[in-house]
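Order as written gives the chain letters A, B, C and D; numbering starts at 1 within each chain.
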């Protein structure tokens, strides 16, 4: 699995790719927790542009990180989900707590 | 399955596409036989550019048509197989009786 | 309705097989004229059911088996996903949106199965495993839900 | 060698399932680090074996079953493809290039299985079905062939 992290002004950008399901949930959760433990992260951006499939176990990982970040007043955003992934996010109600943006730059601007 | 036939100066161009295997062998054989029965066909060109997979049951169909065409002195050519398909054709020895060309035009010129 | 194809798949309860299971069922289903979007929906439903068997049924133990039976008729795919795991105490409750016995999870698995397939039926008893039966028609319509305990 | 994954697939002896079988085995195999070209080779081997079961084993009768057992170890895929069809009179002869009992066919099925996999073993007896056992290592080498009757 390809996971790409970038820290910009205390906002962590996480770029996911490929089919994301239970087989990758633990690895994703552990990687995210490790970064959040070690770095000063105020906000989170999940860039889903390269994600081709997403199931409810991954939604659980995203929401779990939302809880951690929002506790300290931070924001979590979603960037550019593909249509089939967007539908899953919509049905899950995740957009009620994570705003969606058409690009990382716009997300960064709105968070700042 | 998408099968495309074109008759040019008594040469039948057959354009195959997708995964070609036992599941399509009967349909391919019957379609070819029907055209050869109804039309005056001297030579045959198999354009394999769009073929992504090919197994020995399809090789059997190609060779069967070669036998019919060559009996009356005609030629059978192969056009633009993809690398993995080319390898199968090579291993089968089909190129010993069917010449390979990098395009339909060149094949037509060489047959004529 | 006469079936036109049938398959049975059995595999280990490891998370890597969630992807394997959904690709296999989608490859089987693609013998009917489903749209790509239909196939995506079937993939989500299979992933959720298989994921549940691994996470809930077998509590992530990797050495148990999950079975999938799939049948095609002229216009419908029926899928049965079966584990011999711990089973479900209260199926009706389990089917409710946002209900989960696991704090880390969202309780959306059955919601997705229900939304993306045309019918969903869950047969389960504590200690006796779980069987999820789902179907989807080509050119689908409104979902039906039923429970059995 | 300890296996890390295992699956069993059973399906009807209809030609459409040749594609289904090879896609399924390739999806399973892709859990190891095979190259795309390796996966293409596995697909050809599976197609040939399944095609043989349908054409020769069951003489194209569509209401019989073919089974595939696949096992992954850390670096090897083993596939067993089994039918309960008419079996092979002389396995050694059947394995020879260009040998076929069917005038319409080329006798290249076993040649491809042998060339594209690292090992090939055929167990068969007249009236008692056929079992083809093949394996392929990740980062493969020279093929081994053995027969048993």
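In this text, a residue touches a chain if its C-beta (ideal position, glycine included) is under 8 Å from a C-beta of that chain, and two chains touch if they have at least 3 such contacts.
Just so it is clear, the structure is predicted and the values come from calculations on it, not from any experiment.
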item: Distance-maximising chain from chain C - centres being C-alpha averages; value: B
item: Distance between the centres, which are taken as Cα means, of chain B and chain A, whole angstrom; value: 51
item: For chain B paired with chain C, centre-to-centre distance based on mean C-alpha positions, whole Å; value: 43
item: Chain centre separation in whole Å, for chain D relative to chain B (CA means); value: 26
item: For chain A, residues contacting two or more additional chains; value: none
item: Where chain D touches two or more other chains, by residue; value: 16-17, 19
item: In contact (per the touch rule at the top): chain pairs; value: A-C, B-D, C-D
item: Residue ranges of chain C touching chain A (in the complex, touch as defined); value: 15-19, 22, 37, 40, 43-44, 47-48, 50-51, 54-55, 104-106, 108-109, 111-112, 115
item: Parts of chain D lying in touch with chain C, wherever the complex brings them together; value: 5-12, 14, 16-17, 19-20, 23-24, 27-28, 31
item: Residue ranges of chain B in contact with chain D within the complex; value: 19, 21-26, 53, 55-57, 59-60, 63-64, 84, 88, 91-92
